[in-house]
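In what follows, structures are represented as structure tokens.
After this come two complexes, each holding chain A, first together with chain B and then together with chain C.
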Partner chain A sequence: MSLSDEVSARGSGTAASSGREGSAPRQRPSSWWFLGSELKQLFRRRRTQALLLALAAIPVMIAVVVRVSTAVPPGRGPAFLDRITQNGLFVGVTALIVAVPLFLPLTIGVVAGDTIAGEAGHGTLRYLLAAPAGRVRLLLVKYVGAVAFCVAAPLAVALAGAGIGAALFPVGPVTLLSGDVVEPGEALSRMLLIAAYQTVSLLGLSAIGLFLSTLTDVPVGAMAATIVLSVASQVLDQLPQLEWLHPWLFSHYWFGFADLLRQPIGWESFSSNALLQAGYIAVFGALAYGRFVSKDVLS
Partner chain B sequence: MTPTWLRWMPAVAVPAVIAAGVLAGSVPASARDPLPDKTPAQVLAMIAQHSTKSLSGTVEQTSELGLPDVPQVGPTSGPAANSIAELLTGPHNARVYVDGPAKVRVQIMDRMAERDAVRQGNEVWLYNSKDNSATHMTLPSNASGKEDRGSKTPGSVATPEEVAARMLEKVDASTDVAVRDDVEVAGRAAYNLVLTPRSQGTLVESVAVAVDGENGLPLSVEVRARGQQEPAFRTAFSSLKLEAPDASVFNFTPPPGATVKELALPSSGYAKRDLGYGKGAAGSGKDEQGKLEQGRKAPAAAGRAPSVTGTGWETVVGFPARAGSPAAGSPSIDTLLNDPLLRQATVAVPGGRAISTSLLNVLLTDDGRMFVGSVPLERLQAAAAAR
Partner chain C sequence: MTSAGRGAGLAIETTGLSKRFGHQLAVNSIDLAVPRGSVFGFLGPNGSGKTTTIRMMLGLAAATAGSVRLLGQDMPGKLDEVLPQVGALVEGPAFYPFLSGAANLHRFDAANRHAVPGTRRARVAEALERVGLSHAARKKVRAYSLGMKQRLGIANALLSRRELLILDEPTNGLDPQGTREVRSLVRSLAADGATVFVSSHLLAEVEQICTHAAIMSAGRLVAQGPLAELRQAGTAQLRLITPDAGAASGVLVRFGMTPVVGHPNGADAVITSALPVSSGTLSPSGSRNPGGDTGTGGPGGPGGRDAAVALEAAPEAIVAALVADGVRVRGFAVERGSLEDRFVALTGEGFDVAQ
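Take a look at the complex of A and B:
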């Protein structure tokens, strides 16, 4: 929304954006400028920062609780919880596992649902479109902004987890699911791989959120609908009667990142996940395009 | 201005393209050269002679035996991942690495967990990531080659190779053996060897084995039960590479912090027989036949040997009260019965309790005897009453 008056109202806008609304049509701002200001706007927002902080608090909470309590018997609670006392790096992995079903979709829902509906809700959408930016380009820039958040969110969990784990517990060679042991350096790179897996996992949900966001002028509605869909998809994924549907649910491979903790690494779930998410991006991207391009923007 | 309907075109076109792509993908790849015709005997010989020594691949096993499913919910691995019965419910994926008979690794990929069986030379390691426990065994040095097929993957997903070998031993006058249309498994053309019981008194409808058209390696085994649409049991390679896997795959040392248990094997003969227990839904294979022969050789010698009624597919094996091998480390019948999943699955029937699956029925009589067979429950009850 640096494209909008909000930034200029805060006094942090560039000359280009603060001068844009009133002035006569000027040359099209370059796409990179457009994208850069969108990203700047997204990550400068208090809300985005609060979401990332909340995500980073998950591993901190887990680590502190494990530190002050007695040993956990193996096989209880989320996977790897019992390993944390032996190796701090597992804090990040455990936190990522805990964050997958609800916390990550929740934050993505907030960001993706806000993309278009947020501008409409603030009454700034028509200014954006009045500027010669183009609806398709606006849609693309908004989606890339949501993708950037998909990258940042799992990364926040993983890095906060690795940091607090290293601070509170010993760090050493990491035991993989297969029983093989790898050095901390490789373990860290595998954790980043898991974060990348989750980024990919959330791309489909972001596309759904973007589409829902074009449907309404009330951002809260689009956010809630996106989050509800992510929960509904996971519930459907648990019903054995709907087994034929499972490979088509965007949440189906969300827990498949366990394959990255095996030796040798199993890439099948990564690639099937990427393919599935690409399908969701194509379908809901096309839907969002159809809706947004033919929409009467009144606010 | 483009008309509105044109703007919605991508939203219609994209799902259509995806649907077309999926349909095209599900149609079998265009007519490849059909395999040269072979008789069942030739296909059997191909299996017997196949000399595939090294491979790496992924095995998919699905069971529709009518046992209750283990729910797999949330970020934890299943509650009963150690249970033998758990391997017989729902789908399982395993990666298999083989380099000669003495280097084998099987990885059962559970949700957020993994069970491993690694053999290098005579050293065998079992590892369970869920409780971080490892079990070590040293095989007797005379164990080699074919004999080891039974013991190298105890309690794990049986590879197609193993199950096929056991199945084909049952081929005799009781069974119609035919080679049907070629199938494709793991992207390879394969002969489809189908065994159909001639008897109507068994629960098994047919057993199909896909045999690689090039090298005779069994690629999949599918057991169908009477009156059931889905295969009751299927294990198949979903991907297969016929190259020697990286040697480091077979190196295993228990990770730090793991509980390590040493398991002594009493003797190779016992080991082979006992470890066969957990091996697969097709429990009517080689292991049972071993007992069967033993039962015939020593008819009720100590009153503890299993009794056999019926022949071929209709065989019913009866175990006297408190039977089960007392050998160390073997899951005796008592432990099997105390398995929480199996206990859940039993239902009260006249004369005792029964575990009914689509392929195998087990009757536990009130006086502690056990009858097992791929036959309807009434036949088990009749066998129990006959004593």
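Take a look at the complex of A and C:
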């Protein structure tokens, strides 16, 4: 809606803007300004920066511990932990795996749960709507902001891991799960692929967080609920009695990125994951829409 | 339902507007008519439904029943076209504490899809200048005082050129200087042709800046109209100081009054009496001639007799009669009912006024 409306806004062209021919064509009323403002606000905010820093600290912690300890017993601890001393590139991969069950959902829960409820909590929601931001447009911009954080979060882990790994350990060709050996450059791109996989994995959770955020004026409530759901989904995924339910859980494919470490790359779980997440986006996006469009803003 | 130019002349018009929260009827079928170009005071005790009404006007809350028209357009149906022309301060200012004052205004302006980005910087600076906050533009709002936040809230309402300003308690938290500044700001906005709708529970404030007013009580609109009419609707009081109480009372009774004689201190008696109503009263609730120039209210009353009495009871005529009868008039005053009297008469006394 936002983009089509933007076109119509451009078409009608307010009197003020059409009278101002000297300004650049980009200086027109448009939804992109609001999105830009949202992203700027999100990533300039101390809390967001702290979350990303905390995520980046995971690989640093792992690398330092491995560096100062004498020997890592093979086969224990997180996957690939014992390989780090031979090749620093494994720091990033190990950290990405460690971050999946809790750290990433935690940070996404904070950001997605804050989207609408945070504005309501500050009282700024009423001023955004009176601006007028438009309810659907606000919801879309907020979700895109959460998605941007879903991109940034795994990326912070991967890049910090690559950096600290290269700094503390030797870097060389990497043996994939299929036994093929690839150059460090190719290995790095595989790691970014895993980060992208995790971004996709978190889109459904973000939509859930957005919906929960429309239900309350207390952001902490929406954040906690989102995080609890992410844990609950993973617990349910462990119970064999609920096997029929597993393919429908949004966390079902969270660890399914091993195929990205084979030659050739297997895209099956990537596409199943993407489809599942799209389903969650559709359902919870619709719920958020239904709730928010008719909501009385009394905060 | 006056025929002439209804709708076109109204900046805000509500019809049977109601809002129910659970069992409580917060706003009960109100018919507001705010003429364009007026400075309209929206009065009422705390909890009388003022803010809820404003929320419905701005499309923040849905009406349980009734309708709202802003600047001649339906709300919330035409929200996207109407609101860019409306500046609002709703239930106190609210900002992102971690952003500077200027950054907050940039943010809200970016949210308005009709705001021109090219002029944003200049408009923000101008709005800050107008409320005297230029020096604190780069300061984080967290460090603002309540008064500064209030000013910033008003600056936000002034970011674009507005046809209508809806200001909910604009002087809340301001010191006397700040209050004066807001008053002169409201006047200058009105002089620019904007309609200003000010909600307040401060009567003095409304009395000083408004041309029209409406009074809410417990969710109902109990009176509205031009300020002068609202004031006059209260009966005027005559106050006479004289040593000749008996003779004076006799004269006043001839004028159809019921004088009350008192001796507060000293020898002189103080006589007070309600002056007979001398002009058309304001009909409570739903007086549909907000323009006030039609004079439909007139000295209608129950026939022409009242009008005749009113004519005879002009203050100067009373004084002349008193003097003619040898009453030594040492003090004479006609005290018009203040808006406060009217307000208290309509909404009740004390803290238990509305629940």
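FYI, the second predicted complex is superposed on the first by the 270 of 299 C-alpha atoms of A that agree within 3 Å, B and C clash if a C-alpha of one lies under 4 Å from a C-alpha of the other, contacts with A are read in each partner's own complex, and residues count from 1 in each chain.
Throughout what follows, contacts are C-beta pairs under 8 Å (C-beta built on N, C-alpha and C of every residue); 3 or more make two chains touch, one makes a residue touch a chain.
Quantities reported herein were computed from a predicted structural model and do not represent experimental measurements.
Undergrad: Which partner does A:255 contact after superposing on A: first (chain B), second (chain C), both, neither?
TA: A:255 sits against chain B, while chain C stays out of touch.
Undergrad: For A:238, is the partner it touches chain B (first), chain C (second), both, or none of the two (neither)?
TA: first
Undergrad: State whether A:41 touches chain B only (first), chain C only (second), both chains, or neither.
TA: second
Undergrad: Could you say whether A:294 touches chain B, chain C, both of them, or neither, answering first, second, both or neither?
TA: The answer is both, since A:294 touches chain B and chain C.
Undergrad: After lining up the shared chain so the two structures overlap, which partner does A:264 touch, if you call chain B first and chain C second: first, second, both or neither?
TA: first
Undergrad: Look at A:190 in the shared chain and tell me whether it touches chain B only, chain C only, both, or neither; answer first, second, both or neither.
TA: After superposing on A, A:190 lies clear of both chain B and chain C.
Undergrad: Applying the document's definition of touch, where does A:31 land relative to chain B and chain C: first, second, both, or neither?
TA: second
Undergrad: A:142 contacts which: chain B (first), chain C (second), both, neither?
TA: Neither partner.
Undergrad: Which residues form the common part of the chain A surface touched by chain B and by chain C?
TA: 294
Undergrad: Can you list the chain B residues touching chain A in their complex?
TA: Touch residues, chain B against chain A: 4, 7-11, 13-15, 18, 58, 69, 71, 73-77, 95, 107, 109, 111-114, 116, 125, 127, 129-132, 134, 246, 249, 252-258.
Undergrad: Using the touch definition from the top, list the residues of chain C that touch chain A in their complex.
TA: 55, 58-62, 79-80, 83-84, 86, 88, 90-92, 94-99, 106-119, 156
Undergrad: Residues of chain A touching chain B in their complex?
TA: So the residues of chain A touching chain B come out as 74-75, 77-79, 82-83, 86, 97-98, 100-101, 172-173, 175, 177-181, 238, 240, 255, 258-259, 262-264, 266, 268, 279, 282-283, 285-287, 289-290, 293-294.
Undergrad: Would you tell me which residues of chain A are touching chain C in their complex?
TA: 5-6, 9, 14, 16-17, 20, 23-24, 26-31, 33-34, 36-37, 41, 45-46, 122-124, 126-134, 137-138, 294, 296-298
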